[in-house]
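Naming follows writing order (A, B, C, D, E, F, G and H), and every chain is counted from residue 1.
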Amino acid sequence: GFAKVDHYRAIHQGFPEVIFGLGKRPEQTAVIFERLARTGLPVLATRCTAEAFAAVQAKVPEAVFHELAQVITLRVPEENERPIGTIAVVTAGTADLPVAEEAAVSALAMGCRVKRIFDVGVAGLHRLLSKRNELKEAQVIVVIAGMEGALASVVAGMVDIPVVAVPTSIGYGANFGGLSALLGMLNSCALGVGVVNIDNGFGAAALAATIVRSGSREAGRFHDV
Amino acid sequence: GFAKVDHYRAIHQGFPEVIFGLGKRPEQTAVIFERLARTGLPVLATRCTAEAFAAVQAKVPEAVFHELAQVITLRVPEENERPIGTIAVVTAGTADLPVAEEAAVSALAMGCRVKRIFDVGVAGLHRLLSKRNELKEAQVIVVIAGMEGALASVVAGMVDIPVVAVPTSIGYGANFGGLSALLGMLNSCALGVGVVNIDNGFGAAALAATIVRSGSREAGRFHDV
Amino acid sequence: GFAKVDHYRAIHQGFPEVIFGLGKRPEQTAVIFERLARTGLPVLATRCTAEAFAAVQAKVPEAVFHELAQVITLRVPEENERPIGTIAVVTAGTADLPVAEEAAVSALAMGCRVKRIFDVGVAGLHRLLSKRNELKEAQVIVVIAGMEGALASVVAGMVDIPVVAVPTSIGYGANFGGLSALLGMLNSCALGVGVVNIDNGFGAAALAATIVRSGSREAGRFHDV
Amino acid sequence: GFAKVDHYRAIHQGFPEVIFGLGKRPEQTAVIFERLARTGLPVLATRCTAEAFAAVQAKVPEAVFHELAQVITLRVPEENERPIGTIAVVTAGTADLPVAEEAAVSALAMGCRVKRIFDVGVAGLHRLLSKRNELKEAQVIVVIAGMEGALASVVAGMVDIPVVAVPTSIGYGANFGGLSALLGMLNSCALGVGVVNIDNGFGAAALAATIVRSGSREAGRFHDV
Amino acid sequence: GFAKVDHYRAIHQGFPEVIFGLGKRPEQTAVIFERLARTGLPVLATRCTAEAFAAVQAKVPEAVFHELAQVITLRVPEENERPIGTIAVVTAGTADLPVAEEAAVSALAMGCRVKRIFDVGVAGLHRLLSKRNELKEAQVIVVIAGMEGALASVVAGMVDIPVVAVPTSIGYGANFGGLSALLGMLNSCALGVGVVNIDNGFGAAALAATIVRSGSREAGRFHDV
Amino acid sequence: GFAKVDHYRAIHQGFPEVIFGLGKRPEQTAVIFERLARTGLPVLATRCTAEAFAAVQAKVPEAVFHELAQVITLRVPEENERPIGTIAVVTAGTADLPVAEEAAVSALAMGCRVKRIFDVGVAGLHRLLSKRNELKEAQVIVVIAGMEGALASVVAGMVDIPVVAVPTSIGYGANFGGLSALLGMLNSCALGVGVVNIDNGFGAAALAATIVRSGSREAGRFHDV
Amino acid sequence: GFAKVDHYRAIHQGFPEVIFGLGKRPEQTAVIFERLARTGLPVLATRCTAEAFAAVQAKVPEAVFHELAQVITLRVPEENERPIGTIAVVTAGTADLPVAEEAAVSALAMGCRVKRIFDVGVAGLHRLLSKRNELKEAQVIVVIAGMEGALASVVAGMVDIPVVAVPTSIGYGANFGGLSALLGMLNSCALGVGVVNIDNGFGAAALAATIVRSGSREAGRFHDV
Amino acid sequence: GFAKVDHYRAIHQGFPEVIFGLGKRPEQTAVIFERLARTGLPVLATRCTAEAFAAVQAKVPEAVFHELAQVITLRVPEENERPIGTIAVVTAGTADLPVAEEAAVSALAMGCRVKRIFDVGVAGLHRLLSKRNELKEAQVIVVIAGMEGALASVVAGMVDIPVVAVPTSIGYGANFGGLSALLGMLNSCALGVGVVNIDNGFGAAALAATIVRSGSREAGRFHDV
């Protein structure tokens, strides 16, 4: 009885309750994971350690661990089952990878297509400029950057596609645990940027997936009318 | 030569350079407004005083002033010219109105349909619950709230639609100029929330419009395939 | 002589000096616990590790350890000895449990009745709405929530009962160690909310108990006059 | 249509919607005031300027202006109509008076008895010690202090009565607009302290009134059983 | 005797004591200005109002007022008297102009050549990319930007020239008076960036001039050896 | 050559260079300690671990370790060698002891008399009031308190003696590492309070000792004239 | 009855209640001033406007206004009535003068001798070094500096005399209203520094006067024994 | 493919991509190091642990570990290969050494001459004054200081050479992880100071090297013309 699994949410939000592993003991995560597994729907657990995965695997052997992302998944939709719309996941540096992988794996689990474009930070702009076309093919772009977080502004200035900006805590000193990137992204002089919490790759994926679904649904409506 | 009007942006972002009136003298705003008016495209100027409008009107008599929103517009698309997709603009209290109107007028100028749902803050939940159906018909919901900003979480928990959250500086004392609402929205426990800067109604409209356009475009692609 | 046990407070505050285990060595906690045990009154020690409990138990074998709450108690009043008035302890998520248990166990030790209502955060409002009647039967409601802390506003808006709000440090990034929930609760747009320190379940219980006692005493007076 | 008057709240919270004058134009305040006046219930409007009062008085001549408190009232209950329970309003310095009067007038409007104990800050402790008996007769104590806000701790340490602490923005420099008093009160080493927002005299009165009502109601129940 | 004019500094720092007008009364500024004018060296006064200039002009008729920059100068070196080395002054938006002009006029007064490159912020990157060659011809680049301050990183990534970054207070909400741009610039992922105080155009010019002088001097030494 | 021992300071400041152990390896501390020991003057090293002491003792066997204070001393003056003037070291709670001992041992090493008055925080005022006479006999009072730090104001209000206030990091949540006590002490409404850094027991002792010496010297002068 | 004049404090703190003019209306200040004037003791009122002085003068014609200091005094002791001990008041820049004068006039009113040493900030160290002897003759040094506040460390490193450090709000941008100088002074690497609130010249004088009195009293005791 | 090595930068910035070891696993660092080693250019990796060095050495045996600096280098230019221009690296205390060595080793790797001047903080000014001539011979001075960071102002006030200021996180309590030194340096009242991130010795070296190169290049141009 320590947690109320929220099956209702699965219905009205398009995917089921997601397990947030931080501060849960491996056994707790495993118990909830198993309960959600019984619904037959995809299951997603974020911020999970290798120990948590061991506990989950003992109960649900088909569960898959994405180590870099610290994510456990079950029944991620196959590529041909995924709705239209691609989410580009873009990072500034190699240190942003864990957050990027949390975003990418979560988006895949929510049934989106994902395109990874990593290590294209603004200190060497040619790297980003060479990816311009790939960026323009996405329906939503998730930009993940620490330090000054300038990448979100530069990307949003290049395209006319919604940008979900994820500040990361990468850096030290006056980055104040991600505050510098957070404030930079909130004050972006470019248009079309929505910000999520520091290091919240999962939240970015959830917003991006909601946008993709919202577009598809709308697409449906459009042709109905 | 004091400003470089960015016609290029009009093309790749779907709407033209927007004038940011804060810190500009009325005459400066009027000069830029006139230059943009000559493009034949819609024109939008935010954070404008009545004095700025007087200066604009002297040069561009058809310009319209939205006093509460502090916005000047020209050639806002007619209702039947607007793309599919409605943006719901939701506020917690009456004091949030100026920010809400900045968002609403901006969204209209960008060619979106707008549905206003005002004064439904969480202190009296029945007000919000009675609007559930109207909310579900929107393609994007812009939630505008000051003080603790809890409305964004509650709305996002009720629907499966992208929520653009705008913290406002409404409040005093420990709201620290909007910080309380900002942090509340960034830490939302509900999914599908993207945050913009404090009091940034215009930025919220721009993100919402980008999402709507992105969905429509995608809709096109969908049926092409 | 390293601590002055404050027997005087037991009298004028209705319960004895409470031991704050943080930063005390197990042996120090045990010595003070034993000294208080000799008074014959209930004893309460918060923020205690399992090691501290081992040291206490060696001296006071009847002491009880509440592991999740990190609290040690002695002579908690039996249910029929407890004054009228129930304290509802409400949490947003499962991660808030340790703080909630600190509050609940402390309130029981102070002679209050306690009703636990856990995991009813605002992201899925139906969970909270279904508990409306249980909430209305309490004399004080302790609301415990991290992240954006919106639960305090929503609960206070539903009832006409004092709400003691406890922000928790649950979350990451821009929660800044509980600041987001703290500011959210201080800026609550609902009426009847008093805030205590981040993670301070014990302090919330003490305030709630003081309110309950204050009401009972007043009740007495009322009929005397 | 710019504001939804919340009559429902009057019923379940024991007093009607309160008008928050900050950021409202005099005419707006007057319109809402008149609408609430028609309910026949008491009316309370806080943070009102003399201009706002002039506008209200033109529509509701019986309205009363409390200048120091910046509060407008209508139909404040007579002394013999007020429930049992006295709220002591205690201030540290003379500069805290406006906040104290906002609290006192609001509490009176909500039907409480009020006892004012002003200018008893901790720099001259004898002033406070000489008021010990008056303090002990209250059912709730509202402590209002700026600068270091130490008065809340000292008062709460002297009595076994709920303390509602209101930090004020009185001071300069490192008081950071009331932050010093706010943090001081949140970290109080005394028990039984609930904190409200900086300068929020009204919010303190609302919490205190809720406690008083909660006690009386409970008193009824007690004797029913 | 209210100020000690520091003639010594003129000698060892290459230019004389600079008058900081903020918080000085016009008459005070004028008295000091006249005293420095008597040295026969260039004179520079920053943060001066039109009133201050009127007072100065009454005593020193040849003084020149740079209104946008809020700077008063006397005996600015002619173009052919200026040392080698050009300082490029680059701004993100038109609102940064006053700070940019403070920098430009100060640098001219200190004997540097100045190249103004304005309104090339990162939201429309093509504007900046088209200026690449002009940037590469400078010996020092002063980058002035508010909001997220990303321009400093992008410029520093394009060239191998010292960048002096000036965050401005332009923006609102979560820019917290320039904090967002300041943190962004301090956390720049590009190399070769030194940061000065928010809005400190003068300080940037002083550092840039010191670098230019240092290079020239070194150049001299180089050929001596 | 990794450190310049500053013998000059011993002369003009009345006691020698003090070793700050934080961030030094045991061996580094020991080398500097030995070098200072050779001067024949008292030696003081603060923030030292047991490992650092072991390393020191191997080189200087007469060195003494004060474990609670984390201080190592050599040649602390005997009681009869100490100048007139007593420093009272007063703490609010038992958790403040390490800081208090750092202050007390440092003051003794600097040749002052010390009177310890511990655990007299404001939550139980009678404890402090009963020490009034002891306080009045001191020449300087060092007040050490965490949480809200109110003790400094209350003590300073009781006496006419300089108070050196040391905020401690004791507490959690909204104490923000000692910020609450620091701001409280800086905003003290009582007169005669000088504040040092959070947890800086040593710095408080140094200031107190400077005051004592300054008084004695002055005393000397007084009678010379 | 709006203020309790605290005659008791006059006795045990050596000088009477001081009027804090900030937030008081001229008439209020005048009423309290007159009441204190009747005691025959010196009177001191700080943070007073010219209007407040006009109101005071109408009631107490002998009152004196110190415009730059914003201080009103009555019966300041003559030079030969002042106790031994000189307070040096040292400032970094001319903009610190108002705070310095508040300190100087307050110290004179409290019966101290005062030596003003102004405009000797660390950017031109020779100015300070040339004052070394004057500094060494003081019994307490009050150092007043804004911006980085480095002057306190440099002065304290030069002498073995208590330094009372007053950070000022002079500066802009990242001085954050005096925070930079405040933190600099609290973290001083020099010994013997006690810090008061930002811009609190009066508080510095009160601490300095307490130190001077404490030394004199001690001097007496010394020779008694 | 986890990192894009940026050979392009080596050309236009004068030295190759630098490896940032923080958050990289030893093996990752080693793989990138080896790839850069193959270019034949100097290689620099900062923030590297001994474990990272072991992994690098296994692949590139000539790599050198600078333990205190936590830096790994390859092919550092010989002294006679270094351009004109000396960088003085100056520290306030011994605790600043790791940052100073990161700066010094990085500057050497970038081909600069380096002069170390350590432990000359402002608490004992004579230490710094005795180094005046050595300072004046540098082309750039890197000043590294924690706590109040006053050394940057004092040094910049003594010379007419660019100062690159590095705040360090050395200190505790109200140094807030280096914030005190950072704000102090940003608010320096001396001219010619550019600030980099807290503890960023590498960034300071990169800026200093860019200044040196810029001067030399300019020197070349100067004599060409």
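Just so we're on the same page, contacts are C-beta pairs under 8 Å (C-beta built on N, C-alpha and C of every residue); 3 or more make two chains touch, one makes a residue touch a chain.
Computed from a prediction, not measured in an experiment: that's the story for all the values here.
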Chains touching both chain A and chain F: C, H
Same-interface partner of B-C, chosen from the options G-H, A-H or E-H, over half of the pairs matching: G-H
Distance between the centres, which are taken as Cα means, of chain D and chain C, whole angstrom: 25
Distance from chain F to chain B - Cα centre to Cα centre, in angstrom: 57
Whole-Å gap separating chain B and chain E, where each centre is the average of the chain's CA atoms: 37
Shared interface positions of chain D, touching two or more other chains: 123-124, 171, 173-176, 179, 182, 186-187, 191, 197
Chains grouped in pairs wherever the two touch, ordered by label: A-B, A-C, A-E, A-H, B-C, B-D, B-E, C-D, C-F, D-F, D-G, E-G, E-H, F-G, F-H, G-H
Touching residues (chain side chain F, partner chain H) in the complex: 2-4, 6, 8-9, 20, 22-24, 28, 167, 169, 177-179, 182, 197-200
In the complex with chain C, residue positions of chain B that touch it: 92-93, 121-125, 147-150, 153-154, 156-158, 171, 173-176, 179-181, 183-191
Chain B-touching residues of chain A, taken from the complex the two chains share: 12-14, 18, 84-85, 139-140, 158-162, 164, 182, 186-187, 191-197, 203, 206-207, 210-216, 218-219, 221-223, 225
Of all residues in chain D, those that touch chain G in their complex: 94-95, 97, 118-120, 123-124, 126-127, 170-176
